[in-house]
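Every chain is named by a letter (A, B and C) in the order it is written, and numbering of its residues begins at 1.
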Amino acid sequence: MNADATFPGAASPDAADPILSVRGLEKRYGERIGCTDVSFDLWPGEVLAIVGESGSGKTTLLNCISARRAPSAGTVSYRMRDGVTRDLAALGEAERRVLMRTDWGFVHQNPIDGLRMRVSAGANVGERLMAVGDRNYGRIRATAADWLARVEIPADRIDDQPTAFSGGMRQRLQIARNLVTHPRLVFMDEPTGGLDVSVQARVLDLLRGLVADLGLAVVIVTHDLAVARLLSQRIVVMKDGTVVEEGLTDRVLDDPRHPYTQLLVASIPES
Amino acid sequence: MNAPLLDVRSVAKAFRMHLRGGLELPVVRDVSFAVAPGECVVLGGPSGVGKSSILRMVYGNYGVDAGAILVRERETGALRDLGAGDPRAVIGLRRGSIAYVSQFLRAVPRVPALDVVAEPLLGRGIARAEAQARAAAMLHRLNLPAALHGLPPATFSGGEKQRVNIARGFLTDHPVLLLDEPTASLDAENRDVVVAMIREKLDGGTAILGIFHDEGVRDRVATRIVDVASFSAGRGRPVADTREARHASP
Amino acid sequence: MRTTAMTAAATPGPAYNFAYLDEGTKRMIRRAILKGIAVPGYQVPFASREMPMPYGWGTGGVQVTAAILGPADVLKVIDQGADDTTNAVSIRAFFRKTAGIATTTRTVEATIVQTRHRIPETPLAAGQIIVYQVPIPEPLRFLEPRETETRTMHALEEYGLMHVKLYEDIARHGHIATTYAYPVKVEGRYVMDPSPLPKFDNPKMHRSPALQLFGAGREKRIYALPPYTDVRSLDFEDHPFTVQSFTEPCAVCGARNVYLDEVVTDDRGGRMFVCSDTDHCGTRRAEATP
């Protein structure tokens, strides 16, 4: 169990109302169900893991709650920086896009999907700053350099393109690019999925530290229970588009109740 | 006697193993006891009788099927039912009111021992420098060489890992402290240190619930022993290491 | 557009409608132009026609010119500032043949100037129209290849990407090294690609008394700057926009503060810098010789 040793937790999850509330969410693709009847709340500073195998609907769910896809039914509400909770479906496209590049982050499994591969690392990090109107080159570059250091990318790589980076470095760059505007909520889709084990550990540790230091709220989709255990306080287990079990991460993993969760837990090698 | 900090009432637990055709493994039933400030209640009984399961339930790591686990919340003084299964309630109680020193440290990759120990203090809003200083002092007291403080515990020996674990659990001032065989891998000298630390906690009014197989240590710290065999739901059939049994593939 | 008496040099061939395009097509293009003028800097899609010349020869500019040309107009065509290059000569000949209009090399005499890559040194006046030939109208294309996405970015004024490009310049070269097709912001709203103009000419677009029209034939886009439109070149606070400067004057006419072309004079490294604007250079020389 990890209950004793691994909680990220600089922020106090009790502090306030939920930052994200999902109610009765459903996504259909024609007759096929992507996910259905999903409800949960996420509080500031809290990390929620969504686990399940491929096709369980976890990525569909992530795309719906991050406003990348429109749900077929149900609501997703987000508490904006001004404290007002808004239904995402009621936001205009302009508002939604501003939200996505300022208050939110999205870390893709494949860094290529989240980076501009043909511009330098510094510009990849600086883009969000320029998008929100920063017009001072020196300041943008200094901030980018600071963030590269925080994700352990050597300073002399600031002008290199991500095409010249290893997989782990690309993923760390993608993380920096997302966090530079100090988002309050970050969505992650299998952020360590494509990486070698040793590289994975570094990215995980980095994420864990940043999440705690910045008090981020995170929804992380993963099929890797070890990742969920290391990063999250709460977990949602999905199967065939529905939530079969949820609760405190170490409770669900150490005392799984649902047959599917027991199967998942039994399927990982002991370490 | 002071009002209890931990009050376990009629708790029952069984594991239903769906991978084995829904086989139900009863663990304990009618578990009731309380721990007051300054008390060290030791869970006694033979191996496999359910001692560790009770400790895990009290920490919220295992769910309960019936009963209540009331923990006095440090901030408000109110009793809250940790066994009710609300994750955020458990997280809140763990942050301020109840701490756990497990038998084994689940090492986090790349995090130095010093930071592993200091982390709960950071979570309580204490500045990093102060948290690290207090962590270093605690590790020093447990005779963990300073050269190891900056290294991740993943490569430490069993005894070194356990001392990191103990330091982490003892550093904060949670009013309820759960100890699962804290001295199992320690030599005599460090065992004495831990015994002294437990006594200091008790003097300070901490309520301790523990499992100690080492009779010498148990006799030096226990104020009361609760016989878990009396709660056994196994009807004379000890549930041998339920965790292994449950996690084995069909 | 001038519709008064004709001072034509040649008679249009009977096979062509006036200025080659049929009247319906010209009206379609004029509607796009009017919309462009109404929304300065916005790229208006139009049904670009096949022209009797290859893409890359200025088919967008030619269609715009054809749509606005009247019998009394006087047309000047330049390519890289010169009136006597193949492209310029051919387009002038095209309109002489199909519209029978007068042509000129003199900026001050022209009512319409069709250009590739330059704005004349002689300041344009109210009533004149300059038509730019544009290869790639989308300033965001370099960093965002999806047309659906760039349109949304324009609609929502998401222009951070343009500065990413300038950032890359400074990071790589220590200064903004983009020297042509330097992006501008129009009336504080739309970011616009001014065609492959040297950035030297960017300030000439700002609050110009002339009407400025941009035509991209292959990409099927028209955009416009009405007279006296605000046109600002993008930059950073600590790396402000500057134009190229030349240390030497024009080797032929001695002009300073004009855009110069480098001319190789022999195969032993000899070279000279001369005015890119041939009309401007020639006029100065004529004035200097009594």
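Here is the rule we use: a residue touches a chain if its C-beta (ideal position, glycine included) is under 8 Å from a C-beta of that chain, and two chains touch if they have at least 3 such contacts.
No experiment lies behind these values; they were computed from the predicted model shown.
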{"item": "Touch graph components, with chain C removed from consideration", "value": "one piece"}
{"item": "Centrality ranking, top chain (CA atoms only)", "value": "A"}
{"item": "By number of C-beta contact pairs, the top two chains", "value": "A-B"}
{"item": "Chain whose average C-alpha position is farthest from chain C's own", "value": "B"}
{"item": "Length of the line joining the C-alpha centres of chain A and chain C, rounded to whole Å", "value": "47"}
{"item": "Rounded Å distance between chain B and chain C, as computed from the means of their C-alpha atoms", "value": "77"}
{"item": "Interchain centroid distance [CA atoms averaged], chain A/chain B, Å", "value": "31"}
{"item": "Contact footprint of chain A on chain B as seen in their complex", "value": "15-19, 56, 59-63, 85, 87-88, 90-92, 94-95, 99-102, 105-111, 116, 119, 122-123, 125, 165, 168-169, 243, 246-250"}
{"item": "Contact set on chain A toward chain B in their complex", "value": "1-7, 9-10, 12-14, 43, 201-202, 204-205, 208, 212, 230, 233-234, 247-248, 250-251, 254-255, 257-259, 262-263, 265-267, 270"}
{"item": "In the complex, chain C residues that touch chain A", "value": "143, 152, 156, 158, 160-161, 163-165, 167-168, 170-172, 235-239"}
{"item": "Of chain A, residues touching chain C in the complex", "value": "93-94, 97, 116, 118-120, 122-123, 126-128, 130-132, 135-138, 140-141, 158-159"}
